[in-house]
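Before we start, here is the structure in question, set down as structure tokens.
Naming follows writing order (A, B, C, D and E), and every chain is counted from residue 1.
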Amino acid sequence: MQRIGVFVCWCGSNIAGTVDVKAVAEALKNEPGVVFSTDYQYMCSQAGQDLIKNAVKEHNLTGIVVCSCSPRMHEATFRKTASAAGLNPYMVEIANIREQCSWVHKEMPLGTQKAIILGKAAVAKVNLNTPLTPGESPVTKRALVIGGGIAGIQTALDIADAGFPVDIVEKKPTIGGKMAQLDKTFPTLDCAACILTPKMVDVAQNENIRIFSYSEVEAVKGFVGNFEVKIKKKARFVDETKCTGCGACIEKCPQKKVPNEFNLGMDTRRAIYIPFAQAVPKVATIDPDYCNMLKNGKCGVCTKFCAAGAIDYKQKDEMIEEKYGAIVVATGFEPISMDKFDEFAYSQSKDVITSLEFERLTNAAGPTAGKLLRPSDGKHPEKIVFVQCVGSRCSACAEKGKEYCSKICCMYTAKHAMLTRDKYPDTEVTVFYIDVRTPGKNFDEFQRRAVEEYGVNYIKGMVGKITPEGDKLKVRGSDLIANKQIKIDADLVVLAAAIEPDKSARPLATMLTASMDTNDFFTEAHPKLRPVESPTAGVFLSGTCQGPKDIPETVSQAGAAASKVIGLLQKDKLVGNPCVASSDQLMCNGCSSCERVCPYGAISYEDKDFPGPNRTTKTRRVAVVNPAVCQGCGACTVACPSGAMDLSGFKNTQIMAEVDAICK
Amino acid sequence: MQMKEYKPLIVAFCCNWCSYAGADLAGNNRLNYPAEVKIIRVPCSCRVNPMFILRAFQRGADGVIICGCHPGDCHYTSGNYYTRRRMATLFSMLDYLGIEKERTRVEWVSAAEGAKFAATMNDFVKTVASLGENKRLEDLRCKR
Amino acid sequence: MENKYLKDEVVRISGVDPKKCMRCGKCTATCPSFDEMEYHPHQFVYMVESGDIEPLLHSESLYKCLSCFACVDRCPRGVEPAKLVEAVKLSVIRQKESNRLKADDIAKYLDSDMPQQAIVSAFRKYSK
Amino acid sequence: MQKITTEQLIEKAAELMNEGKVASVLGWEKGEFGYDVTPGIFGSVDELKAKFVYGDFSAANLSKYLVKKTEMVQGQALVFLKTERKILIFLKPCDSYSFNQLLTEHRFDREKVYAVGVQCDGMVDIEKVKKIAGDGLLSVDTSGNDVVVKTLYNGDMKIAKADVLAERCVNCKSKKHVAYDELLGETGEVIDSNRFDEVERIEKMTPDERFAFWQNELSKCIRCNACRDACPACTCEKCVFDNPKSGVENKSPANSFEEKLFHIIRAYHVAGRCTDCGECSRVCPQNIPLHLLNRKFIKDINEFYGDYQAGAEVGSRAPLVDYTVNDVEPGEVFDRGDENA
Amino acid sequence: MKVSYFPGCTLKNKAKDLDRYTYRTAEVLGVALEEIEEWQCCGGVFSTAKDEIASKLSSVRALKAAYKKGQPLVTVCSGCHNVIKQTNYVMQNDRDFADKVNRYMAEEDAYNGETDVYNYLELLRDVIGFDKIKEKVVNPLTGKKIGAYYGCLLLRPSTVMKMDDPENPRIIEDLISALGAEPVVYANRNECCGGYIALEDPKSAEKRSLDIIRNAKANGAEMIITACPLCKYNLIKNGADIPVVYFTELLAEAFGVKEENDGE
């Protein structure tokens, strides 16, 4: 039996004005378990708290009921008070007789009567309370960042700067991501490489950061603070520790016909390659699909020319296992395929290109050394048409386009148009747009400059059909403001393809038990208040894996994710919320209903032995809740058909006791 | 009529993050609603087991209302979606048993909707009061 | 009232929801009959949505649609403008004595190579 | 009569036993009168020959027994693990749905079971026979499409099987076996049955009529727990009604409300998991149409969230542990109810 | 194999070639075309009006006849194919419409779009296979540069027709390759020739057709093939200075079953 003390607060006249507090204290005196009951003017004041502390000692109280304001206001206060008096803080219950009683009911008898009932409910609940101790789990002080684009780089640098070790896993041979492929960046037009590559070097030189390039996450186990991750380091057939990145092997490699993915297939590279000059790590990689030595054992030229002796044809994939306290997803985006949009003749003409291809075409390190030349014949294009929203805002057909706005296209198209007019003022540049969306600092000014200073021709309307004929692209579009159909014989057409999450994101989400939306973007723990956290504790989101965003937004989100990670890693132990679910394994059927409704992936199953009759042992599948991951919503408790699942602090019996007290 | 004198007993289950806060806001703004409403705090509307509702009716409640965050705003991301399915099917079943459907309700009340909370409770109490005492839930077994 | 009735009629016949239109103009951009039309596909959608259907009823544009479905297939929002054009046209030719093409007229259009398909189709499209 | 005979099943079981594939057989056991067939477990061919029966009264859904029969028990008494041999179960089409549902819920180990699908031509409801033939049944046999009854008071008579077919067979939802290792006879298709007609009839009543209907039915309950014990969805290690921690524990009703509570909670606990096998109503000694509670949930779920048949496939997500963001609101459900009223 | 065959009005009149070569090539491939008994004209063009039922009944009758024989229904003419396929789609997907039709037809067995509808091209690709076609070629059309002209009816609406990618179709190109010739891809191959407007406004049709011919030639086509009598008519009438023939004729030539004195 509990020894319960009841403390009725006047809250000045806030409560006492409508509720007869003395009558409440008196009425509750006779409730089961109550050994002490009193009232006081301000229970939350130091004097009021002292009153509680003294009563705990004097009457050997095991439980406390405070009839006062909302628990959302002072529950934490009174829990601390209990703690200070040597009582478990979870032995405190609050009866909300202010917000729910004195402030909303005008008549004293009614208010008093209701206050008594609310007090009884709280007493009934405390009678069933048990001391709760928050679970503790250690924190592995190392973070994993998946994806080495600008989002991953920024997150890793920020975490490392706070003194924690970070590993970056990047599936490509170098970090840098999409930003490394860009030419200039809006709205300031500084060159992407100039601002990105120093950061890449910082990453390489930071003692706290390890880069696993050409690597992929294979498996994830564990939970917040204690993840165990398997990383596959793919064989690059070059010893990273020996390779100096001198490039002698590349020069001599006889296999010259490999499509260069860094330039989106617009030129070729060798079978042994370094993606671009500022690659980090600057180490060669052999492409096994094209290397003659690996394919049929005939060549070996690179070995001969490698002074460092770094070439190793026998290298195998390597598995690395590491523990992490936090995981940041920064898997980024890809432009969607243009296969399904052949009304724009992408497959029919080399001169219809995507915006990312246009970036490479204008980049000094690109296939044309920065000269804007048509891919088909290397001629300078005199008329260029840009088409926005290709595959974005497309709800008609899910396999074709994306229903969302890709967000970045308006600005980069303005940038492309402006740069073209700047470099080649003789070029006629037309942009077809549905809406120009420029909500960002200096964004609209930028787009207007493209029109007003650089004379880019913006047409409100969409392109309907592109017909390649001779060396021209016959573009048919609409001008909705003039109510005309526009026909342009263009030399080059640039499609602003919608962006979608990287294909690796979906399997990764499954490994992490992190949720995704229908578009395969990772969902946030809360769309407004917790935008960089995944609902799965310990998993954080950085960059476009969460939704389309531009570089400044990505960098700020990357920093925010890093600060969340730092906040987690600086703790020695994670103290959980003790009000979590747990399963009574004797009653658990192992039916998986609870697991299906858990939003956090906190429930797993194990086979457990139970003693049976006649010295036998029965093995059954039972649910296990990880208290470090459970957030205490209680969805599982109702899904559980046998009632094995219960929620500490809000147990079935406790809530029913409250119901009974109210309905008595 | 006698009906008007009758004061029903209402149990309201409120989720901690939205509806309980909405009720607090109603208090802060001194928006009156009948004292017949008694609130039980649960972490999420999805914590409300149908057994609690039936228990309340069993012990003499005249109406039960469940308040949670608006769909899409659940603190736990998806709890109220389960509540919605559970209660839709449960209430339909009670209706099927001939139990007045007006005695049960689900309402989404956000932390900012103090006024909605008070209005909802006023309306619900009025509705339940007009039905009179809850007899059916108690009387289903015994023919009278 | 008249307009509202007509709008409901057109929406019912076509099964099209003009509210889905986001005004990109791709239908008009892709329409092969643009030059022959006074009102263009995007205008059909907009005018039906706003109930301003009267001008369409008297326009030759109704008979210039080829039913080639380019606008239907290429619309990013699944609006199906061609079906709206057809529905507006039907609301005209279904009225008494309003057939666009009459049997007696056929002879003057024919040439010796014209396939039956053309005649049948035109009849289907221009007459009730 | 069933097209597949007792002998065929015994032959199949004997063959599997002799091959050493199966150690025991879960099947139907003869009773005293021919119509009181019960579930039985058979350990040898001789036992099968003596007691096994498959006929118009082999109605019991056996899948539930797999939970206990395939339990991983180690120790002195049972040595189940040591043998490679499986347990043989015969599954009628509707049983196979329960079989799958139990698999979905990880309630038994598929590896330990050899399932033989058996063609079912509909089961006879003895209560319907009694209504026609009156008291004093001496024997009930089936031959062809007739049921031959011998009675003490009313002589012998022939009744058309169609007239005494069990309600769940009249409205059979599926002749398709959704799970088996081997099939005896033919498997059919999912049937567009009229099983919701009765639910609809009740829905169309006024609330007062509905209340009167259920008051009448549920007041018959004696709380014998037969419905729970036969239900293949009720396989909880410990039922909430037996569990002091649940807050609803009771062996017999303390007040008039608790009867209803029991049946509502039971129906709710199996909602979305109930395959509509009809065992609850079959075994009810008071003949309460309990399946109409379950079918109401099934009908609602189908209407609110799209058609769902529990057990149709292993691993499917039950509707009440699933959601979509655009689900119907509980209030809108009532509007629909008004239309029906 | 036996299939039900719907020739349509034009194939029995102005487009006898299309019909004749379909029969001949099908014979080579071992496909027996069983003409639907007492078929009625499909109406030429599909009415998109949801409330038009009568104009779709002839298609339903043909579909139902094939269903009763348990055969797929094969069409050649693009117009018929479009109308019948779209009608079948509404019978499958518009409950209300199908109910009305079934009630009107007042036959015992309702029809709900069960029949598989193939254009002859689809039959060649999906049922027979272009590999098999290749084997049957006796006169490879080596060196011929041929532009496929799809028009609008075969491909759109793509959600219903599901023949090929509506913007980048391959089916006729693959057939051309199988016959040993060289396909010429050009963007306007899926643009409309003007269709039935040729009757009332020949100028409009002329513009449409010229756009197509010009684009095909500019990309190197020396011949255009089509499946549609109306397309063929429009292209030839409006100044095609390269041959425009039915794909079945080309098929017959490659199979060696085309006779020199064939043709009208």
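One rule holds for everything that comes next: contacts are C-beta pairs under 8 Å (C-beta built on N, C-alpha and C of every residue); 3 or more make two chains touch, one makes a residue touch a chain.
Just so it is clear, the model here is predicted, and its values are computed rather than measured.
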item	value
Set of chains adjacent to chain A and to chain E	C
Chain with minimal offset from the mean of all protein Cα atoms	A
Of A-C and B-D, whichever chain pair has more C-beta contact pairs	B-D
Separation of mean Cα positions, chain D and chain C [Å, integer]	58
Whole-Å gap between the CA centroids of chain B and chain C	54
Where chain C and chain E are represented by their mean Cα positions, the distance between them in whole Å	24
Chain centre separation in whole Å, for chain E relative to chain D (CA means)	54
Per-residue overlap in chain C, given as positions that touch at least 2 other chains	35, 70
Residues of chain A engaged with two or more neighbouring chains	343, 397, 465, 597, 639, 652, 656
Numbers and ranges of chain E residues touching at least 2 other chains	191, 211
In contact (per the touch rule at the top): chain pairs	A-B, A-C, A-D, A-E, B-D, C-E
Residue ranges of chain B in contact with chain D within the complex	50-51, 54-55, 57-58, 71-72, 78, 81-82, 84-101, 104-106, 136-143
Residues on chain C engaged by chain E in the complex (per definition of touch)	12-15, 32-33, 35-36, 63-64, 66-70, 72-73, 80, 82-83, 86-87, 90, 101, 106, 109-111, 113-126
Residues of chain D defined as touching chain A within the complex	71-78, 104-107, 235-240, 243, 245-247, 269-270, 273, 317-318, 320-322
Contact footprint of chain B on chain A as seen in their complex	70-73, 96, 98-101, 103-106, 110-111, 113-114, 117-118, 121, 515, 523, 525-526, 535, 579, 597, 599, 631-635, 637-639, 647, 650, 652, 655-656, 658-660, 662-664
Residue ranges of chain C touching chain A (in the complex, touch as defined)	20, 22-31, 34-35, 40, 42-43, 70, 74-78
